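First chain A sits with chain B, and in the next complex the same chain sits with chain C.
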Partner chain A sequence: MGAFKWKALYWVILSVAFLPLVCSALLVLGTNIFLSLHDYTARTIATGAPFVGIANYSYALTDSRFLNALKVSFLFLVLCVVGETIVGVSLSYVFAKPLPRIISKGKVLIILPLAISPAAASLIWRWFFSTQYGIINFLLALIGIQGPDWTARPTSALFAMVFVDLWQWVSFTFAVLLAAMQGIPAEVYEAASIDGASEWTKFWKITIPFLKRSLFQIVLFRFALLLREVDKPLILTQGGPGMATETISYWIYRCYFWFSQIGRAAAMAVILLVIANIVCETFWTLRGRWQNA
Partner chain B sequence: MRRFLINGLLLLALSAGFLAWAQEVPYTELSPAMLEELNTKLREALAPLGPQPYKGVVIRGCVVRDGSYDIAVWLLKQSDFEELTGITVDIQLLEFEEKVMQQKVDFMGHTGMYDIVSVDQPQLGEYAEAGWIIPLDSFINDPRFPDPQINDIIPSLLDTCGTWNGKIYAFPGPSYGNLLGYRKDIFIAAGIVDWDGTPIPPVTWTEYLYYGRKIREMFPDMFAAVMQARKGEYLSYDVGTYLWEWGAGYINGCDVYYPEYPKYRVLWDTPQALAALKFYKQLYEELAPPETITYDIAGFVSAMQSGKVAMGVLIQEAVGTPLEDPRYSKVAGQMLYAPVPGKVNPDGSITRVSHIGGENVAINADSRNKEAAYLVARFLVGPELAAAYSYLGGKPFRYSHFTPEAIARYPWLAAQLHNIETGKARPKIPEYPQVSDIFSAAFHAVLSGQAELEPAMRAAAAQANALLAEIYGGK
Partner chain C sequence: MPNMVLKTKKKLYYTMRITVALIALIAFGLPIMWVIWSSFKNLVDVIALPPKVIVPYQIDNYTRLLFRNHFDRYVLNTIVVAVTATAVALLLGYPAAYFLGRYRFRGNNALNYFVLSLFMAPPIIVALPFSVFFSRFRLLDTFAGMLTAHVTITLPLAIWLLQGFVSEVDVSIEEAAALDGATITQRMYAIVLPNIRSGFAATALLCFLFSWNDFLYGLILGPFRMKLLPAATIGLVSYAHIEWNVICAAATIIVTPALIVTFGLHNELVKGFRQFLR
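Our next item is the complex of A and B:
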């Protein structure tokens, strides 16, 4: 086949793969923006929603619930990403070394939680955290500790959400970083050992720099997934107690499905998209500088 | 390879065994005679329509899984309804939140996937105003269709659960009306008995608090109250009885009317409401399990079934069967039921208000077979199934549910009728879900210790009033 035909085939395949994705994304985004510029509510759906311009946007940006949800989401995101990264790096560092076969098999158990859907995981842990019937407080009671009301207090409720997320997603961090660590040439560590470097120095000066690219990908990927987190506040805490665990996506879900405030929910979703884009752009810029450092 | 095959076969065998064990033929108490009686009534009612008038039509429904709809759907499928009408009935039973989501996705996408839907009482206005469900009056008045016997429906339910702006949009379905449930054994052990040794239920909230404290003192591991206090509509529902009995309510002009306040103003920050909410908080702090504020329906029922709660104002889903089935409940045979306690008024009278409501069956505006859908809705909650439905434990909404056999079987039914006839229901305006959310978020923060009652409820009331003023300002 001539070079031209190969190039044409290349573009056809690319188009078949990407065009539907791009078109559907544009269609969804366009519909969302259209909804956000109109006052779509249960009252106006049947009779026709009036055009309100940016009124829904200004409502969202001055709505205390929305702003609180942004704050909770940011806190939840930071705690999850930092926690998963630290635990993932630690676990992968341990498992990257030669280990007895039986311990090495433990990798499968670490990755297993990722096979469970987030909703199922939240449901399982909702019962684990139960003060009356949960296994966590039962085990704590065996060693003489009275467990807290995990999802009935603001701090412990947020912690419970973070813990469940960590339990499930550290598997992902672990798998990615383990593969990356196993790709680090052994000679680099040997040379460092010969030069008298300590374990900590080798970890900080060799392992972490080699993992930069993977760490960046993990942080960006988890950031995107955590922004849309609905399962845990929905199933574990209902956004409570009070508004302590109301994430932004959960609040948008409530506005759309429960209050039928469709226009306002659409505006919040667009604002969230803009924030996500700004953060991703910032990440990408910082990534370039960090990797070159 | 051989090990893989053996493991695979073993797993298959275990799964099959588990599924066989888990299979349960429900409602074996329905006798052939009862089923035949039901079918006779169906044949009489459907005779004018002729044989199989809707042959080949499939009617799909999305209704709440609440135990009662399970019974109604099972009865309809067991009966000759499908054979007589030619309609194939395919009804999905879903948990409440999932049901709402599935319905709204269908409505907003106009897919018409569901022909009939169950609508929770406070959402009736929202669904009707949005044009998602259609009025049933034209079908009810159409002489072709069997008479739904509207007079048999308890009027308070028809008014609160089925009617919006003067039109019937839904047939009332399994209702809820709370009752007091209390433990016979604990009351006797605590000495809360009459001269003849029979346990005395609290008649007023003062007595409730007194008995509760006594029980807590004598049995430190036992709780004396439980609420469905999870953030969201659970909590909003649960405080209803207290708000009404203390002389307050949710939204003026909707569930109650006090001329000293303007219409469409929330009432949570009135002195009466603050007193009611303060008492509710007191009950929670003194008598209830700490994790009560995480209890939804399942949590509430489990708490009662566990035997760790001596008494409580029972949500409908906890009344009767869930607590009396020894397979699931440690308190089977120990529960007694009475009307909810009342608030003592300054003149010495006692105000008792049960909180009523229900999941009611309506027709999707996008249904492509509205007549067939109407028939299914009409018979799903119709008088023909009433005797069998109530005998199997379905929650009542028609006078014909209160048969001697059902009352003999479920002693709480006698108290239930009075509760439903005289009870109150939440507002059903389209803005209620959002207003309710504002309330529950604020009050839940109070219960969990994050906020003080008065400032939190005043701030929430201001927010809710601003929202209502946008729609109803000046009305």
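Our next item is the complex of A and C:
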């Protein structure tokens, strides 16, 4: 085959797609690093700012608000991933077994939240969580519980954010795991049943080991996507009360667009990029290992 | 006797499963239906609890949103940007994905990792330099600027997903075609592409959804003329007096593609999302 001619061709085709991507990646990286090394603020952006070295980085790493944002992000992330995994596994377990046809067909409803805009979801749930007009506190009142002012207290505000995230992304875990579960051969379960294994044993000894790879991938993938969380703090809680729900992406956004601390925001963005890259790298390494296995 | 116990136990499990499944369907499906339903009520009825069923229904919320709050403009912006960003991603992304998925060459892995890391990078990292850069070169609030930003979402996504679909196609079909003298372009578009039709559709769908649903780029790079729907909703909540009926109408408009996709193209949607983890 004309291998030589193709080689030339595929480099041309690849560069058509990758040139814009590489350019924008370099632009993003370069601008971020450049800004982060200078004392850029709203005042100095037009005139040029003095070089300050790593001052912005050392500021960020000692700034209590940035450290708080890291902490909030981490807490949010762990709660979301754990919640998504537990709810996703249980739901897909329920749906992988025989159910009445109409209910089984209805599972599209579980996928629905996944397709809607996170901004719209936050907006909807802001209404549902609101003290005066919210359906949640109304329902709680029906069973005799006085619901809190959800977004006014640190714990409940974070809970509300996690809840909305679960509502959207359990769908993802569910869709991936359901397909994986349906791929488990029925004979394995039958053999276990003959040996007298209980439902619980079968779940832990058969289902979970089969899903291990999918679970790892889901967790890492969600880790990466949760770092970008901006819409929920921005729409649902405004980062508050205080800074209880200020995630790292949201704090960078505020630093840049509200306080015009451009240099510092860029330094934090670079730090975030490093974190995101570590997660991505882990995902990639594990993926390679599984593919070779 | 143990048989009886086993049978009741089985029945109990079955009932439990149905209960959990029903609760899940309500929890995930109802909120959106609720919002759509509420979008046709007036403000007083919308916030009435317990909710009223027999109320004067109206489309006033939509007309106000579209014609007084300029959402007609934002809807158009969002559609044009999402469609163009999807088209660009598929046009540029498919050939690249084909080569990445078909041929092992030096740099293949590096390019793959690059695509993945672009897709996984938090958008704020991209939005910040873009905003600085765009304001200097007068690209802020323009179609070209917004499209560029959205292509940085859709193109890596398209390459990542399509490549997986391409590599799932059996090579032997292509080899047979090559023996018959098919050129590389013919193999790419006339042989492999029809074979990954549903994967291609799934990719297009996800590109469109990710662009349509994007919030941050819309918020930062399109402050006025180029405003996009999800970001435009911010303007509705910033007042002290929130008109939930209008917000419900806005939310309904934003979730419309999601509804069409989930109920009409549900298999493609799930296929696309599963391919994330290929």
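The definition used in the following text is that the second predicted complex is superposed on the first by the 255 of 293 C-alpha atoms of A that agree within 3 Å, B and C clash if a C-alpha of one lies under 4 Å from a C-alpha of the other, contacts with A are read in each partner's own complex, and residues count from 1 in each chain.
One rule holds in what follows: a residue touches a chain if its C-beta (ideal position, glycine included) is under 8 Å from a C-beta of that chain, and two chains touch if they have at least 3 such contacts.
Everything numeric in this text was worked out from a predicted model, so none of it was measured.
Aligning the two structures on chain A places chain B and chain C in a clash. In the superposition on chain A, contact is made by A:Pro241 with chain B only, not with chain C.
Using the contact criterion defined above for the overlaid structures, shared-chain residue A:Arg153 touches chain B, although it does not reach chain C. Of the two partner chains placed around the shared chain by superposition, chain B and chain C are both touched by A:Tyr133. When the two complexes are overlaid on their common chain A, residue A:Val94 makes contact with chain C while staying clear of chain B.
Within the superposed three-chain model, A:Ala197 lies out of touch with both chain B and chain C [touch as defined at top]. When the shared chain is aligned, chain B and chain C each come close enough to touch A:Phe257. Partner contacting the larger number of chain A residues, of chain B and chain C: C. Applying the stated contact rule after C-alpha superposition, one finds that A:Leu61 touches neither chain B nor chain C. In the superposition on chain A, contact is made by A:Ile45 with both chain B and chain C. Once both structures are laid onto chain A, the chain B stretch out of 109-117, 217-225, 325-333 or 379-387 that overlaps chain C is 109-117.
In the superposition on chain A, the residues of chain A touched by chain B in one structure and by chain C in the other are 45, 132-133, 234, 257, 262. Considering their complex, residues 97, 100-101, 104, 108, 126-127, 129-131, 230-232, 289-291, 293-294, 302-303, 306, 308, 430, 433-434, 437, 441-442, 444-445, 447-451, 463, 471 of chain B touch chain A.
Remark: chain C residues 13-14, 17-18, 20-22, 24-25, 27-29, 31-32, 34-35, 46-47, 49-51, 92-93, 95-96, 99-100, 103, 105, 111, 113-118, 120-133, 148, 151-152, 155-156, 159, 178, 184, 209, 212-216, 220, 229-231, 233-234, 237, 244, 247-248, 250-251, 254-255, 257-259, 261-263, 266, 269-270, 273-274, 276-277 touch chain A in the complex. Looking at the complex, you find that chain A touches chain B at residues 41-43, 45-46, 64-65, 130-133, 149, 151-154, 234, 237-244, 246, 254, 257-262. Contact residues on chain A toward chain C in their complex (touch as defined above): 1, 6-7, 9-10, 13-14, 16-18, 20-22, 24-25, 27-28, 30-32, 35, 45, 90-91, 94-95, 97-100, 103, 106-120, 123-128, 132-133, 135, 138, 167, 170-172, 175-176, 179, 199, 214, 217-218, 221, 224-225, 227-228, 230-231, 234-235, 249, 252-253, 256-257, 262, 265-266, 269-270, 272-273, 276-277, 279-280, 283-284.
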